[in-house]
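By letter and in written order, the chains are A, B, C, D and E; residue numbering begins at 1 in each of them.
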């Protein structure tokens, strides 16, 4: 497996968006991520799969330094975005996060109106000139997240009064609204019905044309459908990483094989 | 479809655990559930499916009166548990909820230790005689929820420090610990990997031997695998309700058909 | 039996009830908790509550009703008395004195019933046991006192019997009802709920008490001083010998001005401190700084007052007021406001800090995840979510500012003035309530009674402010999750 | 701006673009405001504390003199039968003379007196408290009569002030109560080792003293009175406040009446404390007939005054607990009460404690309402132990401070600051417990 | 209750505490409880009724008013003893390092009144410095701290200084002519409101602190306060007389007032020690010219012997004249 990654890196060197090297994460004394090396390519969808608690969310949160907010969390190793170390002192996590957006595992809409939830990002980044433009961005984002039809009549209602799946889509819309270069999505479809899921997957496909997307999912089918490359985590280790097709059809590691053939979710 | 339900009801009359009649739910002025009639049988797994925002969670929360906690929520119609109206003045919602347990859509562990999270229910219901028995119940519940191996060494750690899927399983363990007669599960496997999902499904199967289980899921496969009966909600209406096999193979309503054949999650 | 003893007895019964009730529940379930409707402790609680609460309620009602009942009966023995109230005071005192005489062993009960006012010097006898009487005792009054005393004794015995009976009955009824199916938790929780309601009624009772204790003297005041002058006049100039101008506006103005300046100091400092402590500061710094700031609320106001008088006042005068040509007074609204602002910082900082700290982390994560800076997160997500609590804290601080006296007296002076200049001496309603009430003037003069009218007016005034605040908070309230 | 536009510029992470710079500057400013606010608060505290400590620490040290005193039977026990009742006829005035003579004798013997000093001036170096102390000692132990004892006496307040720097030779020249000669003599006595500054326990244990003897004034009665009142306030205000908050926040139906209670409580917080004094006078003293100047009445009044603060803080804290936690508890079949007592209250505890700390701090330092219920009194007798003591007359610390600051003898200014220090220590002791508890229960979710 | 309770004037308070303390030390009775709160409040408490729950003695720095007596009577307090314990002198003082002042009531009137006589006409007060008021006074801005209207001292200041000055400068006459008898006299007491005259609602320590903050101000103090702070204050003469216990006792120094306490006669013989206490209070040992009260600044009453007799006999006061 290592070989494969090495070759790939040389081939696509100019296309590597994010490179993680020997990343270790500790929660207090718990060693949650062990020595992970991953390259995330530009204009590609990368899927992280693995059993619950294996460290997918933890690793994802490293990529935009969201782990900074957890006191007991300590990150070691290097993560490079476009060749620049994001844990470098000079890096401003704010700027980083504007470029690397995130959808969290648990939907966390702000206790504000639906409109304000989506408008929040563009506003703080000064991406819109006026209200009309903002309206446009909000509508576009909600449409992309397949929520527009359900909420267009109640944009002023609080985002917290939505159903679970609606909240999840609202969070996706919120993240998309700021047009990040990399979008990290932690189980974005877990609360969505098949149709909504399909729409979000379409969105991901569309995003891939310009950006890179990392998606954590428990659904092998989803991983297979949307991603070009898949990483399999197990107990904090990156067990296998490669072309999605190869991982699913021809896993090299026995653990990967037993996981994906376990049963289909 | 109506005919079918009527015949079934006469046949299994003695087996009806929960009967809902003309249930209407309003959030303020929003009409979230419209005139729903459902019979939930004893020793059966019933699946609720339907697009996001169609009212599945809302209806589920009616069954153990969790909607009481939402100020603006108003419920009309009758819901009978073992033939008794649960919205009757004389009914103590606490007693009701002890009999009708619930796993919420968003995992919500108490900010307490993992052990205390699970032990809480048995303790307040006086279901255990002593600490040893409590320990047993906690272990058994965590095992059932397929979490025991991951947390057995850190039962004193806070439940909020778990991964998303772990939190979800913790909430399942917490609900199972009090052995409710009816267990309402709102997307219990949304954050779980296939193996954990399989274990939870096994648990559901096991529970069915004695109790009734209602599960909300977005996965048709899961509904097909675990449930005997399936209800399809759409825009607050109960569109179709019947044997799972029939629903999936031979839906009577065009909406049901288009939903389940849409694409597979 | 004394009241204390009776109360103690009921309490003992209640505690016994708890233990026995719990045991009975356990044994009725044969030690199997699962058979019980509720946890065994609830059965105990139910018995204890049934024993104690009705008994104490009865006791309270009895203690309240008995004097009134007895007094109406005794009053019938005293036909044609002019100041019945006054005479009843004497009756009560004589009865009390007789009790003392018996208690100290001077006379027996029998001797007392034979005693006659026209034959013995009751007044001096009363004096011997420390009961002061204003004048000599009339025979009718003495007879009334004797009957008052015996009625009282009967009442007391009746109460003891009744209270114990109720306690025992409550005990028995709850105890006997204990079966596994008995819904002890519901019963005891309903009881607790009643207690909770009672606790919130204390606030209502306090308000009623305040209004009642102000309203009579206020009415009295308006009888001797025209209300129109009080509410419409723009001068406040009490005179020692009468003929004062008692217009409230200069005082209201002073109150508002001082409070506004104090809030202008405390709200930004307190809020920024709260934000800093909750969001930025290390745990250690927070653990130290927060209690330190809280000490500010506990420093006696006289210290602040002297600080204002000696340090802040002259400084403001020398460096601001005089160079700007705004006056030469060392006491000023500004001085008092600044110093008072310091005092109320912890009301804003500590309470807001707790509320901000309670905002779920997931909201912060959501905002940071979008690339918001910490300050943007605070301003746009956290503060709106914490708004109701913060407004409550600010209102509390404002309330404290309105009620403060010492700092105003020493910092702003005692002169009531209507002026826009913050470097002038002014004063507040509260200061004048205190000074008029504790002054050297006659109590029945308008100069003293005005204190009550001021108190009542301020009460209504702040009530209106609070209603406005409530309406505003309701409008902007955000509920998380 | 579309997604495509964004992809073109890929600024380096190491350099901040203009907007980020501006935002970071705003962030920095915000942070600085925060630090400034905390610093300002702490600075104000330091300034206030320094001034209090600077002027008050002196009261914990006091100038004492040791004198050989001959207890002459002819003066103190004229009948000679050592009967305390008879001996009591010798008043403190007589004892004062005995002490004055004793000092004069020592001064004469050692030749310490400066030129031209009058005998009367020597005697007045001794505190007016000393005769009473000596008299009590002799009456308690009549056998001392006829012996010579080494007796510790307090020095007069002005002399004490001299050693603490409050009184100087220059000021004494102008002062009608002390002369430079007396100060010289005091210095000589100190050099002779008869006069020293020692830790002043009496300041903490003694009752108040009159204007003539600031040096013996203490805080004993006030400390007891304040402690009793705080006990009452804590025992009543905390449970009632929390209970009321629970009802209002969790049970009360949303209607006009609840709104009324809510507004009403907020308004009670704005009622000037003196009005609570009016209420206390009307209700507890005039109506219920409780005794004047008693800690019980004081405690009740302060309870009513503190309640709104605790209720407002508790309600805010309860409101801040996320509803999902309530849902979780209700979902496993906990009753509302259980949900509240098992989950909500522990999570709201930090806020409740904050309210309690602030409420108690306010109650502890409050003077105005006590003015009206007779707690601003000169009380020399200690109240008894509770519960009877709750009904005995007592003073309170803030009132004692207020009293001290009104006295004309400047020595009381130092005592006032000393009393404030004791009050702050009192407050600190109460706070530490609350802070520890608060830290234990604080968590984020 | 076994201890005596008294309340009232803060001016009398220090004397009462001195007596109470000595009483507690030398008698077998507990030390009386002495409360401040102001004369008016003290008299009100006295008149609340008879009995253990009410106070025994009200200290007062002014004579009881008819309205108080009526309240008393309405509440069953019929017999009250009025005991005059001595006199309180009121002095005018500035910081010790400032210039000397020699005042007359007219100076004060011309300095503080709202309207003064200039060239035979009433005009708004134009005076800025003491020198403007009286050419013999130093060139110093006028700033005076006078007792607030809640204080008994203010009444004395109003009558003995302002009214006297008003009359002496001829303003009174002009006022009466313009406004009639009653309003004319009242007009004498109207003070200027431009911050030159500052009311002090607190006590003399506050006035002293204010002098510290405003070194060229003049404050109004009680004699006893001045005597305890002679190293900080420079006292001014009034009409050429230096205030002292002697000059006040002889009546030479004009600004003084009597101090009283009022005893509820019904409590005599009931509250243990009450009679002994009031006897002790007015005894030569305490209130005499050599006693501790005088040492503290009380101007001993030349007619003390009559008072002692009255107290011993328990004579209640007659109607106010």
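FYI, a residue touches a chain if its C-beta (ideal position, glycine included) is under 8 Å from a C-beta of that chain, and two chains touch if they have at least 3 such contacts.
This structure is a prediction, so every number in the text was calculated from the model and none was measured.
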- Message: Which chains sit in contact with both members of the pair chain C and chain E?
- Response: D
- Comparison of C-D and D-E by number of C-beta pairs in contact, larger one: C-D
- Chain whose Cα mean lies nearest the overall Cα mean: C
- Query: Using C-alpha centroids, which chain lies at the maximum separation from chain B?
  - Reply: E
- Could you put a whole-Å number on the gap between the CA centroids of chain D and chain E? 31
- Could you put a whole-Å number on the gap between the CA centroids of chain A and chain B? 29
- Averaged-CA centre spacing for the pair chain D and chain A, given as whole angstrom: 59
- Cα centroid separation, chain A vs chain C, in Å, comes to 56
- Listed in rising order, chain C residues that touch 2 or more other chains are 185-186, 306, 360-361, 373, 376, 437-438, 479-481
- Message: Among all residues of chain B, which ones touch two or more of the remaining chains?
- Response: 94, 106, 124-125
- For chain D, what residues touch not just one other chain but two or more? 23-24, 27, 323-324, 335-336, 347, 371-372, 405, 445
- Message: For this structure, enumerate the chain pairs that meet the touch criterion.
- Response: A-B, A-C, A-D, B-C, B-D, C-D, C-E, D-E
- Task: Report the residues of chain D in contact with chain C in the complex, numbered from low to high.
- Result: 23-24, 26-27, 30-31, 33-38, 40-42, 44-45, 47-49, 51-52, 239-241, 243-244, 246-248, 251-252, 259, 261-276, 278-279, 281-283, 304, 307-309, 311-313, 315-317, 319-324, 335-337, 347, 350-351, 354-355, 357-358, 361-362, 364-365, 367-368, 371-372, 398, 401-402, 405, 416, 420, 423-424, 427-428, 431-432, 435, 439, 442, 444-445
- Can you check the complex and tell me which residues of chain B touch chain D? 64, 66, 69, 71, 93-95, 97-99, 101-104, 106, 108-111, 120-121, 124-125, 158, 160, 171, 174-175, 177-178, 180
- chain D residues touching chain A in their complex are 1-4, 6-7, 10, 12-14, 16-17, 19-20, 23-24, 27
- So, in the complex, the side of chain A touching chain B is made of residues 27, 49-53, 57-58, 105-107, 150, 161-166, 168-169, 186-187, 189-198, 218-222, 259, 262-265
- In their shared complex, at which residues does chain D touch chain B? 254, 323-336, 338, 342-343, 347, 443, 445
